[in-house]
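Worksheet for the structure shown next.
Just so it is clear, A, B, C and D label the chains in written order, and each chain counts residues from 1 on its own.
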Amino acid sequence: MDRAVLEDLAAASRILVDQGVFDAAGHVSMRHPERADRFLMSRSLAPELVNADDIMEFTLDCDPQDDRKPFIERFLHGGIYKKRSDVMAIAHGHSAAVIPFSLVNTPMRATYHNAAFLAAGVPVFDIRDRFGSTDIVISSAEKGAALADALADKQVLLLRAHGFVAVAPTLQSAVFRAIFTEVSARVQLQAAMLGGQMAALDEEEGRKADAVNLATVGRSWELWKKRVM
Amino acid sequence: MDRAVLEDLAAASRILVDQGVFDAAGHVSMRHPERADRFLMSRSLAPELVNADDIMEFTLDCDPQDDRKPFIERFLHGGIYKKRSDVMAIAHGHSAAVIPFSLVNTPMRATYHNAAFLAAGVPVFDIRDRFGSTDIVISSAEKGAALADALADKQVLLLRAHGFVAVAPTLQSAVFRAIFTEVSARVQLQAAMLGGQMAALDEEEGRKADAVNLATVGRSWELWKKRVM
Amino acid sequence: MDRAVLEDLAAASRILVDQGVFDAAGHVSMRHPERADRFLMSRSLAPELVNADDIMEFTLDCDPQDDRKPFIERFLHGGIYKKRSDVMAIAHGHSAAVIPFSLVNTPMRATYHNAAFLAAGVPVFDIRDRFGSTDIVISSAEKGAALADALADKQVLLLRAHGFVAVAPTLQSAVFRAIFTEVSARVQLQAAMLGGQMAALDEEEGRKADAVNLATVGRSWELWKKRVM
Amino acid sequence: MDRAVLEDLAAASRILVDQGVFDAAGHVSMRHPERADRFLMSRSLAPELVNADDIMEFTLDCDPQDDRKPFIERFLHGGIYKKRSDVMAIAHGHSAAVIPFSLVNTPMRATYHNAAFLAAGVPVFDIRDRFGSTDIVISSAEKGAALADALADKQVLLLRAHGFVAVAPTLQSAVFRAIFTEVSARVQLQAAMLGGQMAALDEEEGRKADAVNLATVGRSWELWKKRVM
């Protein structure tokens, strides 16, 4: 495989730390560029420390192709790649501004153009609904599949009392969406302080602005990557 | 043209990143110091990366004078320079504390002397009113003119679900106003947490304090510039 | 004693500064690994400056075993080690996000899996109840004992108008719990902005997720430690 | 004069920037250690840039003893030194967390032991009451005297739509009080998010805890100073 692919995936992990989306945990993956039935993801490691050599290859059933220690939550990734053939990359984190929306009844909104991908709606996955009281970890293919069901055709899913998942058609846009999920959450929390109705993007505005974002993500990506190389 | 002018404009861009007003996006422009029918603005580039060599020249119709790739949103700048002969510099960004005021019904206030320029009032431009559901981008002369109409004779305009524009009679004061639009938004959000009436600056206090700010902006500018050189 | 033990305890102190839990104050201690009737804690020093050579040894009555100047608040630590044989390490700080929960009637909740140890409940110790108006400092064995009574069998205790204590079965997990007490407090404050019921972890989820955290804390610890060495 | 005095006063200025209390503005002064009718304060300069050589000497009428450019707001300092013989140092800033309390009707409280000096009460000075609509600047002896009247015998005063003043019996404790005025404001804003009654320090607790703070401020000061040297 092209070494640059692995380096970009590792950079994505470090970018999400640098941008305040990941802390000592969080992981990002991408579908194998040449084999749609495989995906790539770091071995179990703090995201700030990930380098190209840490990337492992998995089947969509989450079987590792070498014997290093994988993340348990690879099932979250595998479940989505199996169900969503349009998804080429996935980020999963626990940023402090996003979790509140997984706990209360207020839906996330697309507060501005950078968060346009939220305008289609942001479902919440409550693991209790199908699995009762658990340790919250997406630790099996069954749980991964249930989570993928809850995501449906959306771009972002909240996990109750846990975190969020952002998916996208490219690695760069998965990183972009993870970052602006977090930023938009902060904007919405602050708008909630002011109270009253919120004139967020409607679905059509969201679709149109998202197309611009997908086309121009490279400009942000170059900057973010430069900061972590 | 004096090279120092280009260097100051580029520094303004980096200052607004360093001060937390711009992120991977945002742009600042100035009217050409010798030709009132031209303005200067960076080519399409993350604001943190802008240097003097990246500055392009545009007519007020936003026609670039060389063949590098310009920002699409140059129309926001051109629209204002055309309508407001007093405006010599413009900053446009999407800071997280300001966007909430573009979404809800609470007007921005001048919470303290550094934000005095807000006391005259801060209108909100909703692009839907004249253009329906769009991608939110100020991507044409028509949209730029509509935005300039909404700004009217004020110093700051909010763009619904998008960001803000700050204008000023000098480059240094446009930077100052962009920074304190953001800070004042944070102060007002926090005052809203406490609730009750807010004893912000009235219009006369705003006019008087703004005159002091315009006269003393150099002291802040030197510090800000030092940090990004 | 193994020098590495002292170095880890000193690192714990600097980690809690680096992670924003301690400021110019705060202290962390551990039970002596070979003598259950002794504990280890820095001499009186800003936590950012603590090194292995600054660690002192104390009896559970808080008598120092050398003549350097100890923290007055060692009584907080001694009181807990005396009453809770399961506790092997303690962190005490005053982070700005946690203190609000010591002042008002809202109980802290376990907002996500990293804060699972909060699900069993977080009591508040009001020093006034037994000691009237004081200087707030846990400055005697009697006050330390009263605080340990209030902690009971929980993992975190809030001190009214003062700060918090986190206890754990290992040094690494005491650091983890101090960090995620702070993070979870921020999450809960933000959820409170949104209003309505909060679907925090229930007690059983908390027990299960906490077991995962205790088993995997080493991955975070290595990263945190790397940043302060 | 002892050079170390000037160096400490300059360090105080840089400390308050480093600790997030001052931005590009803010000033700290101290009474002359050998002449009670003089005070020392930087020439007009961003506080981050102040060095020992920038310190000027003033009479209590604010007449400079050399011909460099002084801060206009020296009258704030002079007014207090004239009226309060117990005050040996003064800090004045505009931190974003404090200003809200100058705008609304909620009094600042002493949210924890480090903010004990607030327990005696925090008055608000509204310049409009005696001077009508102004530019907000404390630009004359008359305004300085009015401000000192509003401060009365307290340790902190809020200036409506402007900022705060903290006074103390030593330079180190003036810095301490400026820092914890800001931190306590943040704590109180967050407590306000939770709602309900707030069990802040009462006056007697405040007096007792303040005595501890004044006695132990050196430990924090050494750390803060180390960071800016």
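Convention: a residue touches a chain if its C-beta (ideal position, glycine included) is under 8 Å from a C-beta of that chain, and two chains touch if they have at least 3 such contacts.
Everything quoted here is computed from the prediction, not taken from an experiment.
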Interface residue identity across copies chain A, chain C - same or different by half: different
Longest centre-to-centre distance from chain B, chain (CA-based): C
Turning angle required so that chain C lies on chain D, C-alpha fit (0 to 180°, nearest 5): 90
Separation of chain B from chain D, taking each centre as the mean of its C-alpha atoms, in whole Å: 32
Separation of chain B from chain C, taking each centre as the mean of its C-alpha atoms, in whole Å: 46
Set of chain B residues in contact with two or more other chains: 193
Pairwise touch network: line, ring, star, complete, or other: ring
Touching pairs among all chains present in the structure: A-B, A-C, B-D, C-D
Chain A - residues contacting chain C, complex: 23-25, 44-46, 48-49, 94, 96-97, 99-106, 126, 128, 133-137, 160-163, 189, 192-193
Complex interface listing, chain C residues touching chain A: 110-114, 116, 183, 186-188, 190-191, 193-202, 204-205, 208-209, 211-212, 219-220, 222-224
